[in-house]
Structures are given as structure tokens and as C-alpha cells.
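What follows is a pair of complexes built around subunit A, which joins subunit B in one and subunit C in the other.
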Partner chain A sequence: MAEDVFLSDDLLRQLMSVGEVDLLVGMSSLHAANTVSHALDEIEESFQRNFVRQRVVIVNVGGGDNDEDSARAKGHDNLAEKGVRVPGITSLRTSHRVAANVPGSPSPGIALRTILAAADLLRARACAVVSPAASNLTPDSVANLLRPVYREKFDFVAPLYTRNKYQGLLARNLLYPMSRALFGWGIRELFSEEWAFSGRLAALCLNQDVWHEEAIQARPEAWMAISAMASDFRCCQAFLGEKSQATKGLGRDIVEVLRQTVGTLFWCLETRQSLWLDSGRSQSVPTFGPAHELTSDPTDLDRHRIFEMFRSGVTELEPILSSILDPETHSEIKSIVSLEEGKFRFKSGLWVRTLYDFAASYHHAVINRDHLVQALAPLYRGMTYSFLAEHSDSSPAEMETASETLCGEFELQKPYLMERWKAKVEVKS
Partner chain B sequence: MRQTILRALEQVYGNLVHMIAEFLPRFLVMLIIIVIGLLVAFVLKYILRALLGLTKLDRVSDDAGASRVLRMAHLPPMTELLSRSIFWVTWIGFILVGLSVLGVAGLQEQISRLFQFLPEVFVAILILFLGAVIANFLSRTALLAAVNAGHPSPKILSWSIRFVIWILAISMTLEELGVARRTVISAFSIIFGATMLGLAIAFGLGGQDLARKCLERYLGDTKKKEEKEPQPL
Partner chain C sequence: MTLEKDNLWYKDAVIYQLHVRTFSDSNADGIGDFAGLTQRLDYLEELGITAIWLLPFYPSPLRDDGYDIADYTSVHASYGSLEDFKTFLAEAHRRGLRIIIEMVLNHTSDQHPWFREARSSRENPRRDWYVWSETDTRYQGVPIVFVDTETSNWAWDPISKSYYWHRFFSHQPDLNFDNPAVFEAVWEVMKFWLNLGVDGFRLDAVAYLVEREGTLCENLPETHAIIRELRKRLDLAYPGAMLLAEANQWPADVRAYFGDGDEFHAAFHFPLMPRMFMAVKLEDRKPIIEILDQTPEIPESCQWFIFLRNHDELTLEMVTDVERDYMYDEYATDKTMRINRGIRRRLAPMMDNDRRQIELLNGLLMSMPGTPIVYYGDEIGMGDNIYLGDRNGVRTPMQWNSALNAGFSLADPERLYAPVISNAVYGYQAVNADSQKRSEHSLLRWMKSLLQVRNAFQVFSRGTIQFLNPSNHRVLAYMRQFGEETVLVVNNLSSSAQAVELDVQRYKGYIPIEMFGRNLFPRFGNSPYLLTLGPYQFYWFQLRRI
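And now, the complex of A and B:
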């Protein structure tokens, strides 16, 4: 098997001593020394409460022999071995812990590949990936991820959260509507730190020769979801509660987030053209638990700075944007840049055309693809400013309606993307 | 007298026929070499095109920005460009070998000098091309980073980087071609050193207050920026 090449002997020995399992929960504990113990206890408690009869294992992927997290996970007695039991619950099985030490600092892609290999070797029926740094990790959230796969036979489970209405705007205004319009599945959180999948999806993904790709190294979860869609596997969403604030790892730097998420989405469009280019498929996504919720807690955002960075960005990057955008789109953007801050609005039609121009230009590689994604940052800031200004007093229901309208706009303009995608590129000097 | 003239004419005619008789086979050999060279050049072109296709060179070229430089110059993609280059280099080589077979006095020496100079010309062209690609890539990288970080003068930074790399590439090209070597090296050293020294003095000494403010702003902004933008995911 392919995993024999990159799995260490120590890991293989640990896995062989575990044997076959029903459930596997994997996590990467790199740079999460303070929270890995708590995460392990939460997962253990979830197993004891919700999966008393099942054979379970936790796979912790750490970095190098000196990694404190890995040593802690390996040597840490599990709740069962310590004799700690959840009151009123008696687990019939021993839950195993496996520590996978990967040389250096394993990227999310390498960590996922290790987890998939372990799941494949152990023939796990249901698997979940969680983040030890997530503050919303509870026994219930782990169970909510695993149940749809284990009991309802779904192959991919994406999370759903309660969010502040001003957070997750990249997902709300770009990733979700664009992926829904093109791939036909309305998965809200395509990029997240926790998701679940079946053993057969794990085997499918493990055998694909994409693990050296930068997009997979940074954010592999979206690619897994799209692989499930491409193979007509069953996908669903599960409500996990409130979204935890990102502290490390994800990065709050918008440029880095764009490179990881939009870059990966564009890469998926490029490599999965047959899935979306000439098909008009549309699938509803079942949801377990409440649909995602929005809260209206106040936030402290410097809107003026966001607008100024949009305006200066579009002005300074004009030569680059002229090679990416359609002349009409570029002209419209230049005309709105000159508007006063109070009157500025980035209309949804223009935003959609802008994104589709970027996607088509990514396909034609008119400039270096990493540079192309970075050039989107000022425009994203402009859209963010416009969104914040337009919905400062909107209720969550009104925002949801606006989101659906935006999704409709993405679907309406899909022929525009297809036309630009298939067109021959012209050089703009 | 008539006999002398006739004899002289006969001799000239004989020499001419002899010369043609000697020249024609060499000319035919030259044509054969050129035709063989054409066939070899075609074969090498198709082999190279197939090999470069396997290595996905066009994709690497796209990512490096070389494809865009080529498109702007109305040149074909990298794989096609290299294949055609190997075709012409091979065929021109065979043509020159064929010409040398003619045995024309003076021509062989010139051909020999050209052969010696050709590698330097190719290296010089390569240096210029790489310089253009690197200048383009790095200046754009700097521009994007500066714009997204809110730097006050991103274009100046970008153009400075492009200017420095171009000066370096042109100096290296002229040095490779052997054109005024010492002058070029001295001029480059003086210009580059003076520019860097001037910038250091202007910023560190003349603008020490500004330098302090920039550092304070940078160190303070990095933290403020994270707090003042909505969480994207």
C-alpha cells in the first residue's frame, strides 16, 4: 500500500497492536501543547458516552521526537486506563491512542494523509478530524461528526456553526456561494478544522496522487469534500455549536487565508473541470441539527481602514488587475473606487464577475497563480466594506436572504465563467 | 602569337574546369551535409518536444512567469521555443560545417570564430531572459506584499527591485559578451554601492525620526491589523 512508504515503523507497530476499529478520531497536535490533553479527554468522554460498544482509536499526529505534544499524547494514560469513568456510563471497549511522529513540522496535508493511512489500515468505518486548539471541542461535537457517518452511512460530514454575523465573510460571500453554484452542493463550511468521513472515502483520497500539491498541503478538507462530490458519495452537514475564534494555525492574515482557501478552490476547479464545467447538477445537502445560526454581537472593526486598503490596493495593482480582469469588469471597479466612502457599494453582480474573471485567469495562468490569488485581497476588502455598510442594521434573517440572492447570482453568471474559461487568452502588455 | 593566346586560353579554361571539378564535389558534400543536418534537426526537435512535454515544463514556466514574458514578446510557449531553438541551432551548425567543407580561404577562420562566440551569445541571451523573468516575478511579489501590508509607497519599492535586477542582468550580459568588461564592472559597483550608501544615509541619518516612526508603526500595525478586520473563516 502507498502508506508503507511514509508511515514510520513505530507507527505501523502501534497500528498493528490496535487492530481493526469502528471509529477513528485524528488530530494534529503541532503547536497545541496547552490544549491537546483537554482535547484527548473530550474525545474519550465522547466515546464513553456515545459509542460504548464500538472499537475506537485516537490518532495524534505530532512533529518530531522532541515534540512535547506527541510525547504527552503517547504517554498520557487514557481515561479508561486511569480508571476515570463518566458517571453512569461503562464503556465495553478499551480506547486506544496512537501517536504518529512526523519529522519536522507536518503540514495539515501530511497530517491528514497519516490519519487516512491509519484509517485505511485499521479499516475504520467512521473517522473524524478535529483540532485540539478549537475551543468548541466537546464530547457532543465529536459525536455529532461521527454519528452521520457511522449510523446514517454518509461519506462526508461538514460542520455548521453559530457565528457572529460579521465573521466568516469569506465563506459567506465567496467560498460557499461559488462552490455551491459550480459544484452543485451547498456545503457552507468547505474550509474548517473539523470534519468527518467514511472509511471508503479515506481509501479513495489516500490513493490519489495529489499529496505533493501545495493546495492539499495547506487546506486538504475542501479537496476531500469535492472528491466525495465527484464520486457521488453522500455528503451532509452537522451542527457543532459556536464557531471557535482562530488563534493560531489558520492565520488571521487575510492574504494567507486567501492563498490557502481561494487558491485551493481555484485549484479544485482546475483539476475537477469535468465535475462542473458542462454540468448543471444541483444537490441538496442534508443537515443534522439546527441550520447554521447568526448572532448580532457587536464587533469592533475599522471600516475606514478596510475601505482605504481597498482603494489603494486597486489603484496600485492596476497593471496586475488589468491582466486578470475583463476590461469591462476592470472599468466598473475603477469607477466605484472613485466613489465616496459613504456611497460606496460593491454590487453582487460585479463581485461575481470579478471572481469568475479571477478563476478563468487562474486557469489560463495569465500571471503566477499565487500572485493572482494575492491580488484578490484588496477587492475582497472592498466587498467586505460594502457588506458591513449594507448590513450594519440587518437582522440575521435578512442577511440569510441576501446570501441566497448572492448564491443565485453566482448560478446565473455561470455561463459567463464557462465562456471565459474556454476562451483563448490574450496578452495584455 | 595566336598560338600563345590560344595556349593561354586553354590553360585558363583547363584551370577553370579543374577548379569547378574540384569545387563541385565539395559543393555537393555541403548540400548533403545541410540536408542531413535538416533531418537531424527535425528529429531532435520532436524528441525534445516530447521530453519537455513529459516534464510539464510549460506548467513550471507559467508559474514562474516566464510564459507571460514570452507571450508579451509574441514568442511561442517555452516547450515550443526550446524545441525550435534546438532545431535552428542544430541546422545552423550543420550549415556552418557544410560551408567549411567548401574550403574557401578566410571563410573557415570566420566560421571558427563564430563557433567560439556562439556559446557566449546563447549564455548572454539566457542571462537577459532569466533577468527579465526574475525582475518581473520579484517586483510583482514585492508590489503585492507591500500593497496588502498597507505600505505607503509600494510602486517605488517594486520599481526599485526591478531596476536593481535589470542593472545586474545587463551588467552580467555585457560581461559575458566581453564588452568593456572592466568598465561595466566598475560602473555597476560604483552605481550600486553609491545607491545603497545614499539610501542608508538618507534613511538612517537624515530621516531618523521617520525611521523610528516607521518601525513603531510597523510593529504596532501588525497587531492592530489582526484586530481590526473581520475573521474571514
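And now, the complex of A and C:
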């Protein structure tokens, strides 16, 4: 019964007052105390500049009553109520703000579920989720997310960014090409802190019995995208400008990042088997605004350290890798580990086969799935080292060509994954 | 009934606006007249209105619906005689109905003897009664009012070979109020009608009386001085007579026309009108709250006059570009419905003949602060004819019954000044006063009961307003208070049922009594007061502490 009433009475009362809306922007203000006011202002300004006639609401999911961030968000008067206006612009309607306080520290999954429930109850036509911590959040970026849904009737909008060529390597070398090859849709930023969706996708996802899943709790956005694909909903990408987060180092938190992203992707493969096992060649998705852009600023990544972590990690995890990888793949990995740093290359064919081995073993649960995903970390470091060495002088165009080649490799080897996926495997105890 | 002696009568009035031509034709010439209007006074008395505002009935070439006056002290032959007017006035007063007439001070017709003399030669004594120029470059930058028709505020006079100034049509030369003789002449005109017994004047286009280089020639201090002098003379010689300003301006600008209670008694609140329509279409109270928040306090003796529709287009001058586009998109999708900066449609067609919306808008009109004006025919939900030129589509004959010419005239239909509305939805066979009189649930009968309640409580006409601002923005709720009278008004602006919680803590212990059915509702307590309202429903509650 608790599942049926996860929305608080207070939230329901607020939603009653809002009524039906055209546009909903949701965000979680947890751990964003310093930026939440700015984010609210940017969203309000976006409404006033771009959607003067529409019924709009901001749903801010915060922690319990002691949560400083949500308290700050709650206390932040909205522009319309204060009578402050964008010069020359007048919103015709009341601009609403809903503060949804969830006990404790709500995970992204809980926050999204709350936002989806609000969207469903308010019959929102277009919704976006944004991160108040993102410095690239602007009135334009909010509008660029919402427009394809509201005006063009798309059901899912993933962001596209201008990125440094050394940024987003996990997306470039793993998440994008693998998801594109398997699910058939070329969405570059499957994992992002900002995306948009239609009311009907919100309703579809809200009613899935997945909200207890760990994968959904951490990074629910890819699951939403894949749910859209699975239902033949219309997906697209929208260019939002420069990606705000600084390049993440490949240090200790890569394990957590892999758990959240690759773990979720593998979980989606598991739960959406019929979708990808039967899908054909991948297709591109429509893009609003400029295509994916790369810049060539220098990087301070310590390649030598990355290589050392690869080598030591593979050595330490030898027994685990042997249970995950196909023997031939494992043998090739062992052979490249022994190469000198200067001569080391992680070839794309081997990288794809390695990932497919991991995915198949995840499916067969040859070991604890969480441990399995963590074991990918050293191999990902090896791939990253190889990528950095190979592309230190590459132009953005050359990078794109390489990216397309890698996508092709993933597609080429998809039968290999399917074969391993369907094989009967004896799980070691 | 006779007129009560009350100098503030205009504050408690409910005004009915009509054109003699459109109302009732007594001599079968196809044009309404004073004798016909007089015969219909019982209808207006029964309706519950307390004053009639007559559109211009003076002799005129009728190139601007009578606002081009050719003789200020007579009646257009089509409408009868001065004697007919006097009879009408006496009969109206006998029923307790006040009469407000139009007075166009800013300009005359180019057929007025004053202008004919003025243009006849540069030496004529009346030459200086109008604004002349050798060039058409004076007063550059002054906006043109009728942008669909005029390209300049100057017109060339081939007779005297010079330009004359006109803020409206070129056949309406502006009078020169810098000439004291002009002021004295118009005061003589006003005295003429006041001596007959009229109760007030609607002064047309008052913002434009004086011109000054380097200004927009609007709202100038010299204009206010003229108004003050008129008012002074009026109060002295005709106490109780009222001056109503037609100044299509923002409330803050119109405020100046009240002066310190020594200029106009009343003025139209133009910006409120489109916002009532907007609020219903948006299903959001924001436009109404915003404009009333921006409305300044006015002297105790003064009053805003408010309306839904009138004889002109639904003016969209006092809205932003965004709001205007929205109004066009929602209420005038067919471009034929648009004219100048407005919409030439009647209330019922604009509401798509939705009785609930028509009632809600009338409920708003009657419960907002100000003196309400009902445009003839709107009390029965008359339609319009957007294919007639100019704004004539909202000036078609009154629909009295389902007989020939809607009972308006016994003339051949081809002879009518304008065709009656005859389509299947709004035609006179379907929409007419007689059939609605017989139907207990007709719009006409409903309007009567609305006016009956409104007229029984001075709080509506003189009370203060305080918005309650419940969290449900589709509900517009306000308290009206005057002396011991307190009324709570709750309006659902949306097309769906709504629940609303009202903070009435201040009125704890009061019993709300629904004012139409006189039913008691639960007493206000400590908790927010919960009400549910159907689509476009509204409540008026009298609050009593018993």
C-alpha cells in the first residue's frame, strides 16, 4: 500500500492548485544550495521569454525539512510573484512552483519518480529535468530541451553539447556506440543530468514496476530513453551548448561512474532483451540545433598513471576477469598487458569483444553483477590510455571518424554478443 | 418611480448603452427613433438597469456613426424631433432611469456650420475655431488613431488652401480650445441639454482637446484646465449632473482626469475589459489581479465605469503585443473579426455562445468595483455580423421577437438601416427578448435576477475590494466591503470543476449566505474554507455575523 501513496498530502495539495499544465521543469535541489536560486531564475526567465502563453510549473524535489537546499529553493520567490519581469516580456499566466519534500536524501530515481508523478497528475505535455548545479543552465537551454517535445511532438530529448575532445570519453567509447549498436538509436548522451520527455512517456515510465531497482535509483535517464525506444516513441537530440561539468578524472570515482552508467546499461540490456535482440542496424535520431561539437583544448590527464592503473588492475583482477571474459578475449588482454607503455594499444575490436563478454556475463550472472561491473574499470582505463595516445593530435573531424568506426565495430560484432547471450552457461559458484 | 435626489447616483447605477437607431422603429422607416425607444422603456425598467447611455443622436452626415456632429442642439431627423427626445426623457425619468448623452467636444463634422464658416475664408471670425496650418509637418510624431483609414493627422482643405488638424477621421476637424470662444460655445451646448434635464455627458475623446508642439498632443495640462472649468460651472449650475470621460488610457494616466474630484466624475476603465476576457480564456486570474493592482485610488466621489462590450471594437490598445496576439488568436481567428487594434464582435459569439461563460463574465462585471455598462442586446445574447463594414456588425437592430424584422421595425426588410441577424444560432427567431421573457431560465431572466441582486447591495457599487489569492490560480476570489455590508465573490475561471481553499480567518464566525438562492452555507471557522465550483461557476456570498 505504501507504494500507492508515495506522494505526500502536501505535494498533492500543491498540485491541486496548479491544475493542468503545458510545461513542467523538474529538478532536485539536493546538494545544490548555492546554485538553486540561479537555476530557478533561469527557468523562470526561459518561461517568460519563450512560453508566455503556456501553463508552466517548476517542480523542485528536495530532502526532508532539514534540507538546506530545498529550504533555499522554497524561500526563493519566483520572478512573476515578485513582479520582476524580463524587460519587454509578460507571461500571460501565473507561473507556479511546487516544492516536493521527500524524507531523507532522495536519490535521482526518487526525484524522477516524484517529477513523473507530478507530470502525470498535472497532465503536462512537455517536461524537462535539469540540474541546478549545471552552470550551463540558461533560459535558452531550458527552451531547447522543451521545444522538441512541446512543438515537435517528440517523446524523449537527449542533450548534445560542445565538448572538449577529452571530455565524455566513457560516452564516446562505450555508452554511445554500444547503446547505438544494440538498441538501434544513436543517442550520444544517454546519461546526462538534463533531458526532456513527453507527458505520455512520463506516464509510461511512472507505471513501470522498476522503482526499487538500484540501477534506476542512481541514473534513471538512460532507462527512460530506452523505454521510449522500446515503445516506438519519437526520440531526438537538442544542442544545449557547452557542457558544464569539468572533465572528470579517471581516478577513484570511475568505479562509481561505471556502476551507475554501465551497470544501468547492462540492466537495461537485461530487462529489454526483446528490444535489442531483434533490432536491426542503428539509425540516427533527429537533432535540433548544431550537431555534436568538439574542441581541442589540451588536457592534463596523466596518461602514465592511467596506464599503470590499467596494468595493475588487470593483474589484480585476473581471476575475476577469467570468469567474465571469453578465453580468447582474456588471452588477448593478457598479451597486451605485457606490452611496453609506448607500444600499448587497445584495439577497438578487442575492446568491443571485451564489453560484449562483460554484458553476456552480466546476463548470465557468472559472478555478482555489481562486482562484474566494477571489474571493468581497469580495462576501461586501458582503453582510455590507448585512445589518448592515439588521438593526441587528432582533429575533431578525425575524432568523429574514429567514433563512427568504433560504432561500426560494435554493430559488426553484435552477433557475437547475441551468441554469447543465448549460450547456456554454467555459473561458477 | 421618480428620480431620487442623489448627487452620487452614477456610483450606484447600472447603465444600458444603446443607439436610438438600433433599438426600435416607431414609424416604419427602417431606422430606430426616440418614439420607438420610449415605447421600450418598460423593458429596460424591468431589466433592472438604472441609467441609459445614448450614443450620438445629433444631426450628422453619419460618416462616423454620429460622432461627426453637424448640429449640437438638435436631433437627427431620422430619430425624430427634439420634442420626441423631451418626451423620452420625461418617460425615462418617470421610471427612475437617468439619461446620459454623448458630447463630442474634440471635433465636429466638416459639415458643421462652424467649420463651414471657418474654411470659407481665412478672415472669417470662426476661422480660429479650428486648428489650421500652412504645412502638414506640425505636431510630428503624434499617433494616428484610425490607422486602417488615415495616413496623417492633417488634411488639406482645398477651399481655404491650408491644412486642418484631425485626430480622428479627416472629415472630423478638431476644435481649437485655445480659443476661449470655442469653450464658451460648447458650454452653451451643454447647458442646452442640461436645461432639458439630461443627467450626464459622456465626453468623447477628451484626451485630445489641446495640441502642443513637441508632445503627443494627449493628456496635456491645458486639457485638464478645460475640464476643471467645465466641472466648476456644472457643479455650480447643475449639481448632480455627471461627466464621464472617454479616455482610452492606462488607469494611471486616466487617474489625472479625476483630478482632486474636480474634473470628471467617472471614467472608463479600458484595460480591465480585455483582461476579463483573457482571464477566462487563460483560465488564470493573473491578468485581472495585475491590472487592478495597477489601478490607482481615485477620489471618494469618483467612479470607474466598466464594461464587457460596447459599440466600438473590443479595443486592444491597452494590452501588450503578446497579449494582443493572444486575444486575436483566441477571439478573432478570422481576420474579418479584427479592425484597427481590436475585435469587432459581440459578447455571445466571442464566448462561442457558451451560456456559462457569458454568465461568468457578466458576474464579474457586476461584482467588480465600478459602475457596469450593459451593451444593448447582450442581455439576450445577440450575435453580430462581421461582414458589415466598420463596426456596424455589432450595431444591428435589437431583436425583440420572432416577427418581421425581429420586431424592430415594420418597414420592408430592405429598408432597414442594417440587416437583422438571421443566422441559425443568433438569428432573431432563436434569440429575441419576447421569447426569453417567457422562458424562466433564459439569459434575459438570469440577467434580471443578477441585476436585482446587484442593485440591492450598495457594496457592489461603492465597496472596497480585497483579493484573497487562494493557491488555485483558476479561482478569482475577492471580498467587497462597504459599511456593514460584506460580500465574498468566488469565480471559477476555468472550464473544469475546481476545488479552492479560501483564507477567511479574518471573518471567522461569519455565515456565508448565497445571494441568489439565499441559502446558508457552513459558518467560517479556523480552517481554510473549502469550496468546490463547477465549470465557470461563481458564487456571491453575503457574509453575516449572527
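The rule we apply is simple: the second predicted complex is superposed on the first by the 411 of 429 C-alpha atoms of A that agree within 3 Å, B and C clash if a C-alpha of one lies under 4 Å from a C-alpha of the other, contacts with A are read in each partner's own complex, and residues count from 1 in each chain.
The working rule: a residue touches a chain if its C-beta (ideal position, glycine included) is under 8 Å from a C-beta of that chain, and two chains touch if they have at least 3 such contacts.
These numbers come from a predicted model, not from an experiment.
Room for both subunit B and subunit C is found when the two structures are superposed via subunit A, with no clash between them. Once the two complexes are overlaid on the shared chain, A:S361 sits clear of subunit B and of subunit C alike. When both complexes are overlaid on chain A, the residue A:L301 reaches subunit B alone and has no touch with subunit C.
Once the two complexes are overlaid on the shared chain, A:L388 sits against subunit B while remaining clear of subunit C.
Using the contact criterion defined above for the overlaid structures, shared-chain residue A:T114 touches neither subunit B nor subunit C, since it reaches no partner. Taking subunit B and subunit C in turn and counting the residues of subunit A each one touches, the greater count comes from B.
Closest approach of subunit B to subunit C, taken over C-alpha atoms in the A-based superposition, is 41 Å.
Common to the subunit B and subunit C interfaces on subunit A is no residue. Touching subunit A in their complex are the following residues of subunit B: 59, 62-65, 67-68, 71-72, 74, 137, 140-141, 143-145, 147-148, 150, 154-155, 225-233. Within the complex formed with subunit A, the subunit C residues making contact are 278, 282-287, 320, 322-323, 326, 470-474, 494, 498-499. Of all the residues in subunit A, the ones that touch subunit C in their complex are 13-14, 16-19, 52-53, 55, 89-90, 92-94, 96.
Taken in their complex, subunit A has these residues touching subunit B: 166-171, 191-192, 245-246, 250, 252-255, 257-258, 261, 299-302, 305-306, 309, 312-313, 316-317, 320, 323, 365-371, 374-375, 377-378, 381, 384, 388, 425, 427, 429.
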